[in-house]
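Presented sequentially are two complexes of chain A, the first with chain B as partner and the second with chain C.
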Partner chain A sequence: MASWGEASQSRLIGKRIARLSGKDKVTGKAKYTYDINRPGMLYARILRSDVAHAAVMDIDLSQAEALPGVKAVIPLTEAGRNLRYQGQEIAAVAAETDDIAKDALRLIFVELEELPFVVTEADAMAENAPQIRDWEGNQSKPGINEQGNVQAAFEEAAVTVEATYHTPVQTHVCLETHGHVTEWTDDQNLTVWASTQAVFGVRNDFARRFEIPANQVRVITEHMGGGFGSKFGPGVEGHTAAQLSRITGLPVKLMLTRRAEHLVAGNRPSMTQHVKAGASSDGRLVAYDMRGYGTGGISSGAGFQAPYVYHVENRKTERFNVATNAGNQRAMRAPGHPQGAFAMDSLMDELAEKLGMNPLEFRRINDSSEVRQAQYTLGAQEIGWHRRNTVPGSGTGVKKRGMGVGSGQWGGGGGRGTQARVTINADGTVEAVTGTQDIGTGIRTAIAIIVAEEFGLAPTDISVKVGDSGPGLPSGGSGGSQTTASVAPVIKTAAMAAKQKLFEHVAPLLKAPVDDLRVGTGTIYVASDRTNTVTWNQAAGLLGQESISEGGNWDQELRQGGVAGTQFAEVEVDTQTGNVQVLKIVAVQDCGLAINRLTTESQINGGVVMGLGQTLLEERIMDPQTGRMLNANLEDYKVPGTYEIPEIKSIVFDTHRKVTGVGEPPCIPTLGAIANAVYNAIGVRIRELPITPDKVLTALAEKKA
Partner chain B sequence: MSEKEKEEKKGTNISRRSFLKGVGTGTVAATVAPATILVGDPETAEAQTDEAISKSEIQLNINDQVVQIEVEARTTLLSVLRDGIDTQGNYVDLTGAKLICDKGECGGCTVLVDGKPVYACMMLAMDAQGKQITTVEGIANGDELHPVQDAFIQHDALMCGFCTPGFIVSSVALLNENKKPTLTEIKEGLSGNTCRCGTYPFIFDAVETASQKM
Partner chain C sequence: MEKFSYVNATSLKQVTSLLSDSGWGEVMMIAGGTDLLAELKEYIETPKTLINLKTLPGMDSISADASGLKIGALTTVAEIAMHPTIQQDYTVLAQAAASVATPQIRNVGTLGGNLCQRPRCWYYRDETVSCLKKGGDICYAVEGLSKYHAIFGGDPVYIVHPSDIAPALIALNASIKIVGPEGEKTIKVEEFFTLPAANPFRENVLEPNEIVVEVQVPKPNPNTKSLYLKAREKGAPDFALASVAGVFEMMGKTCQTASIVLGGVAPAPWRSTDAETALTGKMINDSVSTKAGEEAVKNAQPLNDNEYKVPLTQNLISRAAMMAASK
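Moving on to the complex of A and B:
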C-alpha cells in the first residue's frame, strides 16, 4: 500500500523548496495568456452596458465596421432583450490594434430604454421595489433548518446576545484579468490560451459551444495571474474571442479591462445576519437563531456558513438570496466561510464578555476539534495572549492595542479525475505530465518534489508539464483547495510504477532481486549490499530505445479531507484618525502533509493578506442613484498594499502524513481575529465590514455619547 | 436605422454622462417615464472620418537595444513593449511588464527610465525617446540573475507571478537608491506595487536578503 512514509525518511517532501517557475517569473520570461502574441493577431474589446437595467431598442454596428483596421464587429445582445446589470455585454469588436478596437467601441450606436433597478439589498427588499427577477420581493424562497429545541434552549441560557453582522460584496481582483487568445487552425480545430483555473473544463466548454470534438480543442495555461475561484469557464468573453477568431480567420486576444473585471467577472456575495444566541453560565453555547441573506447580484448563490465551527445543539437558521442589478457572484476563496467566520467569531466574543469569560476559554469549551484545541495553545503562546486587555478598551494613549482570535475549517482532500504520466528516458531525463494547472499555488513544483523523492533525484531534474490539454491527460479544476490532493496521489503512484519498471531493468545487472533494490541520491543500489550500485544515468541507459512511461491512480490512502485553522491578531487603533493597523497575525494552519513547506507558507501568508483586505479595506460600492459601481478600479477599490502588511507568523501545523490542501482555509480566521482585536483595543464593536476609519470614529463617538 | 435617423441621432449629441446626470433613477424614480439612453460617440465618428491618425517613426533604447517603431501620439511605452511591432515587422515582445490597472495604480508595468522607476502605462512612447529604458528582461546580466531575482526565488517572493516583474524592477530601483533599507523603507519603496496573492511578507524578506548581497 502506498504511503508518504515517515517525515524522517523524506529527503524532499515537507522541506522548503524554491518553486521551479521562479526563474521564468523573476526574469519576465513566463508567458501568461495576456502575453501571448501570435502572428497577425487581432485585439478584441467588448462594449458593455453602463447602466444597471435597460431594454435594448436598437444596435447599429455599421460605423464601427467601417472604421479602417476593424476586422469584425458582432452583437452580443439584440433589440427586444434586457440588460440586467452594469457591464453586461452589448457588442464586440476585433481590430488590428487595441487602440483601433477602443475607437471602434465608440462607433457602436445603441439605443436603450432604461428600466427601474435596484443595486443595494435594502432597495431590493424595500416595499414597492421593482421586481427584477422571478423572486417575489426580489427574495428567493428561504432555506430553513431547525435542530433541537431552540425556544426552550433560550429559556435555559444564562446570557443572550442579539446582533446584526454584515459583510459587503468583495471582488476577486485577479491581476491578470479574465481573457483568452483564440486561434482556429481550421474550422474544426481550435487552440485557446486561457487564463483559467480549469484547463480541461474550459476545453470541454469550448467543444460544446462550437460543436467540435473535445480533443480538437487545445487549451494552454502555462502560467496564470490569479483566479481565486472566478476562472472556471470561458465566459462570454471566451466564446466571443473564439467567435471573432472564427469570423476573421485570425488569432484574437480578448482580455477584460480592469473595470469589466470588477463588474462582470465574479464577486464574493454580501452577507447580513440577524442572529440571537445564548450560552449557559458554565460557558456552553446552547441556542442559536439566525435569519440572514446576501446578494450575489442577478444570480443566486449568496450562501454562507452559520453557525460556524463551534457546535450548538439547538439551532435554527433561515437564509435567502436577494437579487440586485449587479454582476453575478462566483466562487471566491473559501466561498461562504470568511463572512460566516466573521459573524460567528464576533458573536462568540460578545457572548464570552457577557459571561465574563476569556474568549479563548469560551472557544475551548465549545470547539470539538482536537486539532484546533492544540492550535489555540500554540497560537496564544506565539502572540502573547496574556498581554491582551482583560478590560476591552482599557489601554491608555491615542493609539490603543488589542488582541483577538478567530477560527476556520475546510474540506480539501482531493478527488478522482486526474490522469498523469511519468516518463524515464534512456538519457536519464524524467518527465511528469498531467492536465492540472498552476494557478500560483506551486503544483508544478509539488509534482517535481514527489517524483524526485521517489527517484532519488533533485526537483530541478524533473521536467514537469502542466497547463495543457494537448497531451490528453485530464485533471480537475483548481477549486476547493483540491488540486494537490487530487494530483499528488496519481503522480506518486505513477512514479512508483515507473521506478518498479526501472528496477526490473536494473536487477539483472546488479544480480539482485527487484524488491531488494532502492534509490539513493542519483543512484540505485542493492539494500542487502549497499556497495552494489549503479548511477541513475547508467540505469536509465539500459532502456535503449524504450522509455518507461507509467500512469498512476488516485490512491485513497495518500489523501485525507478536513483541515482546521486558528489565527490570533494584534492591532493598534489610532483613536484620533480611526485607522486600524494590524501589527501581527499568528496563523496556525493544518493542511495535512505539506509537500512543499515554503509554498505552503506562501499560501498561508496570502490567505491572511486577503482576509485582512476583506476585514479592513475591500468593498464594492454601488450607487443607488445611478446603479453604477463607484470603485471599479484599483485606486478606489482598496486591496492590501505594503503599508497594510503586518508581521505574519505562518505556522504549518503538521497533523498527519496525508495530502489535504491549503489554498482556501488560511483566509478564513483572519476576519474574526482582527475584528475581535479591534474590539479589545477600543471597547466598541464594529459589526459591519470593512472596518474603515469612519466606522471606528463613529463608533468611538457613540461610545462617548 | 436609416441614414436620416442616424443624422438625427448625431444632431441630438447627448453624451451618456450628461444625459444621465439629468435623470434620477432607481426605486425613487420608478414612477418616472422610461428614459432613452443613447450609447455611442458622434464626435469620435467625426474625428475618425475626418482624417487618418498620424504616426511617427521613433527610436527607443530598450535593454541596450535600439527599437525602431511607428507610434501614434497616444501610444504608451507599455504598449510598445507588449504589443509593439517594429519597423522590421517583429513583435517587440517584452511582455514582462504587465498592464494590470491601466492607470498608474498598481506598479505591474514598472520599468527603469534612466535608472528611475516609472509606470510604463503612464508614459507616452514619444516621451521615452533618448532615454535608457530597462525592463525586467534587462535586469539580469545575461544568464546571471540579479541578487534581487535570486532572493525572490529563494524566499518564494512570488506566487502567480503576474505582479513579480513590477516588484523586481521596483526592488532593484529601491536598492540602487538605498543600499540597506529598513523594513519601513522597503514598504515605502514598494508601496507603488500591488500583489493580490499576498506575497508581501516574503517580498520584504527577499529585498532584505538581496540588500545584504549587493
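Moving on to the complex of A and C:
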C-alpha cells in the first residue's frame, strides 16, 4: 500500500521549495491568456446593459457592421427579452483592433423600455416591491432546519444574545479578468486559450455548445491570474469568442473589462442573519435560533454556514435567498464560510462577554475539534493573548489596540477523476503530464516535488506539463481545495510504477533483485550493498530506443479530508480617524500533508489578505436610485494594498501524512478574528462589514452619546 | 474614447489661441493625463483636439529663493513631494504632494493637472448617469449614496474637490498665474476655486481659453510649523475622506496665526476661519485644539451617508493643532 512515508525520510516533501514558475512570472516570461496573440487575431468586446432591468424592444447592428475594420457583430439577446441586471450581454463585436471594437459598440443602437428594479435586499423585500423573478416577495422558499428543543434550551440559558450580522456582496477581483482566445483550425476543431480553473470542464462545455467531439477541442491554460471559484466555465464571453471566431474564420481574443468583471463575472453573496443564542452559566452554547438571507443577484445560491464550527445541541435555522437585479453569484473561496464565521465568531464573543468569560475559554468549551484545541494554544502563545484588554476598550490614548480570535473548517481531500503519466526518457529526462491546471496555487511545483522525491532527483529536473487538454489526460476543476489531494495520489502512484519499471531494467546490471533497489540522490543503488550503484542517467540509458511511461491511480490512502484552522488578530484602531490597522495575524492552519511548505504558507498568506479585505474594505455598492453598481472599478471597490497587509505569521500545523488541500480555508477565520479584535480595542461592536472608518466613527459617537 | 487630433504645444500664445472660442470640452489640454485619460476612456469628456502641454518649454521647474517658491505648472507631483526646500520650509506642501495617489501617478501627474482635476464622484464618473454636474437635472448624492460627498458648501452639487495640493497651497497663501488671450494675471489660489452655487459645472474660475502656468508660494516665517493630515480608507492609493492643511506660526506652544484649509469635505478647498479664530493667540492644549475642531464643523451639513465626516474633520483639526504645538 502506498504511503507518503515518515517526515524524517522525506528529502523534498514537506520542505520549503520555490515555485518552479516563479522566475517566469516575475520576469514576465510567463504567458497568461491575456498575453496570447495569434496571427490574424481579432479583438472582441461585448455591449452590456447600462440599466438594472429593461425590456429589449429593438437592436440595430447595421451601423456597427458598417464600421471599417469590423469583421462580425452578433446579438446576444433579442427583442422581446428582458435584461435583468446591469452588465447583461446585448451584443458582441469582433474587429481588427480593440479600439475599433470599442468604437463599434457605440454604433449598436438598442431600444429599451426600462422596467422597475430592485438592487438592494431591502428594496427587494419591501412591500409592493416589483417582483423580478419567480419568487413571491423576491424571496425563495425558506429552508428550515431544527434540532433538539430550542425553546426549552433558551429557558435553561443563563445568558442570551440577540444580534443582526451583515456582510455585503464581495466580488472576486481576479487580477486577470475572465477571457479566452479562440481559434478554429477547421469547422470541427477548436483551440481555446482560457483563463480557467477547469481545463477539461471548459473543453467539454465547448464541445457540447458547438456540437463537436470533445477530443477535437483543445483548451490551454498555462498560467492563470486568479479565479477564486469564478472561472469554472467559458461563460457567455467564452461562447461568444468562439462563435465570433467561427463566423470570421479568425482567432478571437475576448477578455472582460474590469467593469464587466465586477458586474457579471460572479460574486460572493451577501449575508444578513438575525440570530438569538443562549449559553449556560458554565459556558456551554445551548440554544441557537437564526433567520437569515442573502442575495446572489438574480440567481440563487446565497447560502452561508450557521451555526459554524462550534457545537450547539438545540438549534433552529431558517434561510432564504433574496433576488435582486444584479449579476449572479458564483462560488467564491470557501463559499458561505467567511460570512458564517464572521457572524458566529462575533456572536461567540458577545456571549462570552455576557458570561464574563475569556472568549478563548468559551471557545474551548464548545469546540469539539482536538486539532483546533491545540491550535488555540499555539495561536494564543504566538499573538501574546495575555496582553489583550480584559476590559474591551480600556486602552488609553487615541490609538487603541485589541486582539481577537476566529475559527474555520473545510473539507478538501480530493477525489477521483485525474489521469496522469510519468515518463522517463532514455536520456534521463523526466516528464509528468496531467490535465490539471495551476491557478496560482503551485500544483506544478507540487507535482515536480512528488516525482523528484520518488526518483531521487531535484524538482527542477522534472518537466511538468499541466494546463492543457491536448495530451488527453483529464483532471477535475480546481475548486473546493481539491486539486493537490486529487492529483498527488495519481502522480505518486504513476511515479512509483515508472520507478518500478526502471528498476526492472537496472536489476540485471546490478545483479540484484528489483525489490532490493532504492533511489539515492541521482543514483540507483542496492539496499543490501550500497556500493553497488548506477547513476540515474546510466540507468535511463539502459532504455535504449524505449522510454518508460506509466499512468497512476487514485489511492484513497494517500489523501484525507477535513481541516481546521484558527486565527488571532491584533489591531490598532485610530479613534480619531476610525482607521483600523491590522498589526499582526497569526494563522494556524492544518492542511494534512503539506507537499510544499513554502507554497502552503503562501496560500495561507493569500487567504489572510483576502479575509482582511472582506473585513475592512470590500463591498459592492449598489445604488437604489439608478440601479447601478457605483464602484465597478478598483478605485472605489477597495482591495488591500501594501499598507493594509500586516505581519502574517502563517503556521502550517502538521496533523497527519495524507494530502488534504488548503486553498480556501485560510480566508475564513480572519473576519471574526479582526472584528473581535476591533471590539476588544474600542469596546464597540460593529456587526456589519466592512469595518470602514465611517462605521467606526459612527459607533464611537453612539457610544459617547 | 472618441478620436481626437493631438497638437504639441509650442508656446502659450499658440495654446490660448487654439483654446479660444471653442467653449468647454472641444479643445482640451493634457499634461500628465492621469485624470484626463480616464475621463476620455469613460466618455465623460470627448474633445476634438488635445493640446499636449509637455512640449512647452520652461514650465516644469521649481525655483526657491528668500521670497518664496515659483513652481511651474508642468512640475510633477513627485518633484514637489521630494524637493528638499519644500520638505524643509513648506512641509505641508511636500506632505500633501506625497499623499497623492501612487508613485507612478506622482511621477507623471503635474501641479497644474492636480489643481484642475475633475471630481471623483461616482455618479459624475459614470457615463450612463446624467447628473447635475454634467448638465442633468439632479445631484444624485442628495438622495443617493453619499459616503464620499461634501459636508460643506455643496448646494446644489455635492462633489468634493479631490486635490490634496490645493488645500496646502491655500494654507500657505499661494498665488496662481493664469495666461489667457488677453495676457496674464495672478490671483490667490483661494480665489481660483469656486463653489457649485456660483457654477455647478466647473470647480474653478478658469475660462475655457485660459491656462494655469505657475504657482507662487510666499516663504513662511521661520517660526512656522506646517503639516498635512489626510484620512482615507486605504493607505494608497486613495482620495481623502477628509484632510487638513495646517500652517501655524508658533511662539513656543502659542499659536500666533493659524491657516486651516480642509480637503475632501467641500466642492472646493474649504478654509475654516472658525478653526483659525479658535486657535489664534492661544496656547495650544487639548481643550483649545478640541474647541478648534468643534468650531470648524459647527455649520457642517452632512448628507445621508457622510455624517462621519463631521467628527473626522473635527478630530483631524484637533490633531493637526496638537502636532503643531508638539513638534
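What we mean here is this: the second predicted complex is superposed on the first by the 705 of 705 C-alpha atoms of A that agree within 3 Å, B and C clash if a C-alpha of one lies under 4 Å from a C-alpha of the other, contacts with A are read in each partner's own complex, and residues count from 1 in each chain.
Going forward, contacts are C-beta pairs under 8 Å (C-beta built on N, C-alpha and C of every residue); 3 or more make two chains touch, one makes a residue touch a chain.
From a predicted model like this one, the values you see are computed outputs, not experimental measurements.
Of the two partner chains, neither chain B nor chain C is touched by A:416.
When the two complexes are overlaid on their common chain A, residue A:693 makes contact with chain C while staying clear of chain B. Once the two complexes are laid over each other on the shared chain, residue contacts for A:626 go to chain B and to chain C alike.
Looking at the shared chain after the overlay, A:173 reaches chain B, while chain C stays out of its contact range. More residues of chain A are touched by B (comparison of chain B with chain C). By the touch criterion stated above, A:656 is placed in contact with neither chain B nor chain C. Of the two partner chains, both chain B and chain C are touched by A:642. In the overlay built on the shared chain, the residue A:31 is in contact with chain B alone; chain C does not reach it. By the touch criterion defined above, A:579 lies against chain C but remains apart from chain B after alignment on the C-alpha atoms of chain A.
By the touch criterion stated above, A:602 is placed in contact with chain B alone, chain C being left untouched. Put simply, chain A uses residues 50-51, 624-626, 635, 640-643 to touch chain B in one complex and chain C in the other. Note for the complex: chain B touches chain A at residues 1, 6, 9, 16, 20, 23-30, 34-41, 44-45, 48, 52, 72, 74-75, 79, 82-83, 91, 93-103, 105-106, 108, 135-137, 139-140, 145, 148-149, 152-154, 156, 158-165, 168, 186-188, 190-191, 193-202, 204.
Chain A makes touch with chain C in their complex at residues 50-51, 398, 576-579, 617, 621, 623-626, 628, 630-631, 635-636, 638, 640-644, 692-695, 697-698, 700-701.
Touching chain B in their complex are the following residues of chain A: 18-19, 21-32, 34-35, 37, 43, 47, 50-51, 54, 57-58, 60, 63, 67-68, 90, 97-99, 103, 106-119, 123, 126, 128-130, 173-176, 223-226, 228, 257-258, 439-442, 598-599, 601-603, 605-610, 624-627, 633-635, 639-643, 645, 647-648, 650. By the touch criterion given at the top, residues 120, 122-123, 126, 128-129, 140, 143-145, 147-148, 231, 233-238, 241, 305-308, 311-312, 315-316, 318-319 of chain C touch chain A in their complex.
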